[in-house]
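The structures considered in this document are given below.
Two complexes are shown next, each including chain A; its partner changes from chain B in the first to chain C in the second.
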Partner chain A sequence: MTVATDSVSPRASGLSSRREEWRASIRMNHLLWVVCALGPVLALFSIIRVYPILETIRLSFYRYHPTQRTKPFIGFDNYIRLLEDDAFRTALINTLQFCVLAVVITLTLAFTIALLLRSIERASPIYEILLYIPVVTPWVPASVIWKWIFDPQHGILNYWLGFLGIPKLAWLQDEHIILYAIVLVSVWKMLGYFVVVYGVGLRNIPDDLMEAAELDGATPWQRLIYIVIPMMKPIILFTVIIATIIFFNVFAPVYVLTASAQGAPAYDFKVVIGEIYQNAFVFYRMGYAGAQSVVLLLFVLTLVFVQFFFLRDKRGV
Partner chain B sequence: MFKERPIVITAYIVCTIFALLAVMPFFWVLMTALKTNPEINAWPPQLFPHQPTLEHFYQILGKENFLRYIFNSLVIALSSMTAILFTSSLAGFIFAKYKFPFRGVLFAIILATAIIPLEVYVIPLYLMVFGVRMMNSYFALVFPFVIMTFGVFFMRQVIMSIPDELLEAARVDGANEFWIYVRVVLALSKSGLMALGVFAFSEAWANFIWPLVVVTTKDMYTTELGLATYQRQFYIEYGPISAGAVISILPMLIVFTLLRRHIMKGIATTGLRG
Partner chain C sequence: MIRRLLAIAVCLLALSSVASADEKTKGKLSIWLGYPETLDAFKMGQAEFKKQYPNVDVEILTFELREFEAKLAVSVPAGSGPDILALHDFIFPRYYEAGALDDVPADLAKAINDKAIIDTPFKDIVTREGKPWGVPWWSGRNGLFYNIDHLREAGFNEPPKTYEDVWKYAEKLTQKGPDGQLTRAGISLRLTGPSGGTQKFVYFYYQLTGEQMLEPGSKPGTVRVTIAKNIDAAARALLDHIDHLHGAKKSDDWALKHDAQGFASGAASMFMRESWVIPYVKKNGPNIKFGVVPVPRDKAWGAFNAVEVLSVSKDSKLKQAAWDFIRILQAQPILDNVLASSGWVPLRRDRDYSAILKDEPRFAEMTTPPAGLTLYIEAPNTSYEEMTTRMGEIIQAAFRDASLVGNMDGAKKVMMRVNDTAVKILKDNGIYSD
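Let's turn to the complex of A and B:
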């Protein structure tokens, strides 16, 4: 993103010096106004965003328990402990697995649907709105709805799968299936957003380009591979980054879906945010949870740099 | 884009299937909420309730105190929305229309925090609220949501499209900068404010981890937290839970249906997430 360099400060004109003076006084006035208006907002940003982010990094080098008097500096000990923490390793592997599956399935489906919607452009708004309803639904009620659908005894999903001859599955109780259950909820929830984003990109591809290719005898498949996908590359990259960050932060659906229901204990599916939450707010090991947060921070920053690198590379060529 | 007949037919079929899959769970939860308990547990499941009843809604709103949770959520979401609209439009205006030292650097710092999710720095935020002894209060619940990085960026884009001549004309008429902000800038960016407002409202309404962390008593629960906690009880019934889910989704659905054009336009111009 570039910062625009436009300006509203009056251009110097060849008028009298008195007028110049008047303008200069206004400019000073503006500076005062800028400071008064922007100052409080920037202060809030420093307190609510910048300071906490830096403080997380600092905490990760301390043994920090909020009610204990001594909070000793312990260097990289938290990070070394992190390497030996089986729960965190499981959480990291689970989250990565979940994230890859959810990103790939969501984006592939979204791209396909957005592409197909361009063939039925007149009807597309209604489809986009229907697909967008799960996006505006908060994660908690969305997960609650699905929990009922997944119910092993009375759930409608098992009922329908019964018609296909599939025996009742313990969606949330089986450690191998629960991953797919959470993926299913997440894909359902986020699909519409990416359909709309891809729709915006696809509408921006010039029609004459596609028509010219058609006149030259290009099959739909060739048009897709040689025109549509190359032109959509920046948007695809953007959506991969956004989707990865959204799905890597999965927590509410896991919190809801892994709670035992009706005496059937759900499998305790560990994810990174869940581990941070547990360590920080259940066990009050805030320094240690800080180190886990820094891992998350580094992951997000890496993604951003990857995006930056690719976009820059593209511009350079 | 692709006008071949087989593709058009496939498009209708595939898109209809996915649209149905998208809304089917809502239909199912609404039906569950309206059924009596024996009907909910019936096997095979019945699609429609034979004797529709509102008893689950009475139970969740009355006995389980969801009215209070909804009230809390509304207070938080509305305060957050108001604060974000104010801070974003003000900062967006300054960044869009004034030249001052360090403008680029300051804007870059603000933007850099956009991509970092709240979950990363939730611990220091908690410690700050803990430190000023404001746990379990509306202040604590709203506090991280009075600014929105994306909002500043979004409003800057919106306000940049307002012609400089209009601001100059107001200045020549003797208006001061604050007056210009209120009467010219805010008045001319209504559509953008609406889209951002919906977004800010739903962000604050839907947030889960923050209330989970700072709320300690039931009377400060938000709707999300109340629903998540309620369904974690040892013995749960799906009737009241479904009713709770319906209630929790309803405000979002109403806002979205009323303002869908603004929202869709917001996504189209800036990748606004809702």
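Let's turn to the complex of A and C:
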């Protein structure tokens, strides 16, 4: 008995091997193509993103002052010092308070506005554009404008509030009010972005589903709770994470609003990024600022993981 | 053969010396400034410099002060900083300690060491172990600015003369609206910006103690903290601030316009600041009639001085040209311009500022300190900004604490915290002195 392979002609065998070679060449070329396409992006990503993070982690173990000759390795000393640093603790608490308020208010308002805009489908793009204008306005000029609005003596906000009988408030000078002033600016700035994101999500909910629920006698509230919110869960997860990252990294509005321009003093409201900036570029404690950055990174990562755990759609896993 | 080789070597040597001479007179001289108000003076210098160095381009860049400091900190160690460094006295030690500055030429060093040309405190600030590292150029000298009309309205014919007077005047000069809120500060205090706030708090502390909170230590570059030693006076200075920010004696409020802006707009009757305020108020508050006197005395009588120092980077390729530029900046017309346009006080004593003083006699308070007035300067050290920021944060938080009104023990505790914070930072940086 002869084996089947014996019956294959030399011509067929040659064809098969050529086909294999061709496949191998495609595979090789494909790999080459992938490397060529992704390589520069990955290289750029490594240089711009990965390397600075690794370098920051390395620096956090050194006493690194750019103008000093020696930069000794000090192990975990920078991290130990962080535990005793009142300014960093205050900044962390302030940032957390700010982040919670800003995320909750921004997302609740954005979701409500997006829902309302869904009911005026034709006009909604106009409102979305209007709401999006602050998003494309850079933080610094926006904050400078708000600084004028908040001026306790001549600001338009106190002027308007005066009509309601509310006495003049020192928005940026009063240590108890400044948090809300910064939240107000941040919500105004980022609201439009989340309205657009929610708007896209709401438009993707099938009309049939809503109509069927309406026919079955579901009230608008029931439709919101049992259809809209469950279907929007992935979008809500995305927005909560993005908003948390954006607001936890707050710096520019705080810096501009509280910058101690000599004529317009403001309360020294500390936030984590502000502390990192101050240690790195005012005190030149680069190593210590590195340790603060690492702690911030771990903090935000933990928050994101917690949010993923609670908000992800478990049925989809 | 040997002759031929020698001839080639001589030719190469001649060529290289021509090239190196060319390098010294050709290229771009870079100058960065953190005080843009002196730009005009530098431009005057640039015009003169061009006559000496027609092939050297001069690039003068101005930055916001903090941005300027950050740029220097990063670029100078990397060898990419400017050729001429215009450094404030408190950041100056970072650079000479790091070996980033060129040796001061003999003629300029001689001038710095001559009392008839540069006052001793200003020589000391640039000198480490007998060797100067830069040329002290101008000083920001403080004084008490007062609104003449406000004082007259309140029945005062002359400015306050003592520390006690300052607070009494402030109470009387303060104005309130029908709602009880302050509409005018009797004295505009420095309530925010912790680093500058520490400096301004010392204006009061010094008169009570005859010392700054941070004084030079026993070894060069080290610092000693004087608060614990002067705790009663320190607490008194703090309490005087707190008592005039809350309650019946309230003479200032966070919601008012402050500092030079507040003074120029008539929202403050008095405040303490440096000489640059004179041209500032003339420009921004042309209707404000004001005078300036040295900070009123108590136990001591001193005037604070912040000094601007001109140095050349060790990495500069145009060292000779850079020093020549600094020499040009010592000329009378340029120093006149510094005084008249920026209000900073030039430190050359061998120059005659009478032409400027004729136009603006108030500068005389700054250029010609009265007999008995001590000129003091911050202790040069590498941790100035961190220390003054952290100390000021504690002081300014206490300003807001109304429970401390009239509470001497509470004030002492706060000032001891300020003391301990400074000591901790100094020890951490290895520059603490008993």
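What we mean here is this: the second predicted complex is superposed on the first by the 255 of 317 C-alpha atoms of A that agree within 3 Å, B and C clash if a C-alpha of one lies under 4 Å from a C-alpha of the other, contacts with A are read in each partner's own complex, and residues count from 1 in each chain.
In the analysis below, a residue touches a chain if its C-beta (ideal position, glycine included) is under 8 Å from a C-beta of that chain, and two chains touch if they have at least 3 such contacts.
Quick caveat: nothing in here was measured; it's all calculated off a predicted structure.
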item: Partner chain in contact with A:152 - chain B first, chain C second, else both or neither; value: second
item: Chain B versus chain C as contact partner of A:278, first or second or both or neither; value: second
item: Superposition-derived comparison: chain B or chain C, residues of chain A touched; value: B
item: Touching partner for A:138 - first (chain B), second (chain C), both, neither; value: first
item: Touched partner set for A:53, first chain B, second chain C, both or neither; value: first
item: Contacts of A:66 with chain B and chain C, given as first, second, both or neither; value: both
item: First (chain B), second (chain C), both or neither touched by A:266; value: second
item: Chain C-contacting residues of chain A that also contact chain B; value: 66, 153, 260-263, 281
item: Chain B - residues contacting chain A, complex; value: 1-4, 7-8, 10-12, 14-16, 18-19, 21-23, 25-26, 28-29, 32, 40-41, 43-45, 87, 90-91, 93-94, 96-100, 103-104, 106-111, 113, 115-117, 119-128, 130, 143-144, 146-147, 149, 152-153, 160, 164, 167-168, 171, 176-178, 181, 202, 205-206, 208-209, 212-213, 224-225, 227-228, 231-232, 234-236, 238, 241-242, 244-246, 248-249, 252-253, 255-256, 260, 264, 267-268, 271, 273-274
item: Residues on chain A engaged by chain C in the complex (per definition of touch); value: 66-69, 87, 152-153, 167-168, 170, 173-175, 260-268, 278, 281-285
item: Chain A residues touching chain B - in the complex, by the definition given at the top; value: 1, 3-4, 6-10, 26, 29-31, 33-34, 37-38, 41-42, 44-45, 47-53, 55-56, 59, 66, 109, 112-113, 115-121, 123, 125-142, 144-149, 151, 153-154, 156, 159, 188, 191-193, 196-197, 200, 202, 205, 207, 210, 220, 223, 228, 238, 242, 245, 249, 251-252, 255-256, 259-263, 273, 276-277, 280-281, 286, 289-290, 293, 296-297, 300-301, 304
item: Contact set on chain C toward chain A in their complex; value: 66, 69-70, 73-74, 76-77, 94-95, 97-100, 179, 181, 191-194, 196, 254-262, 265, 382-383, 385-386, 389-390, 393, 396, 400
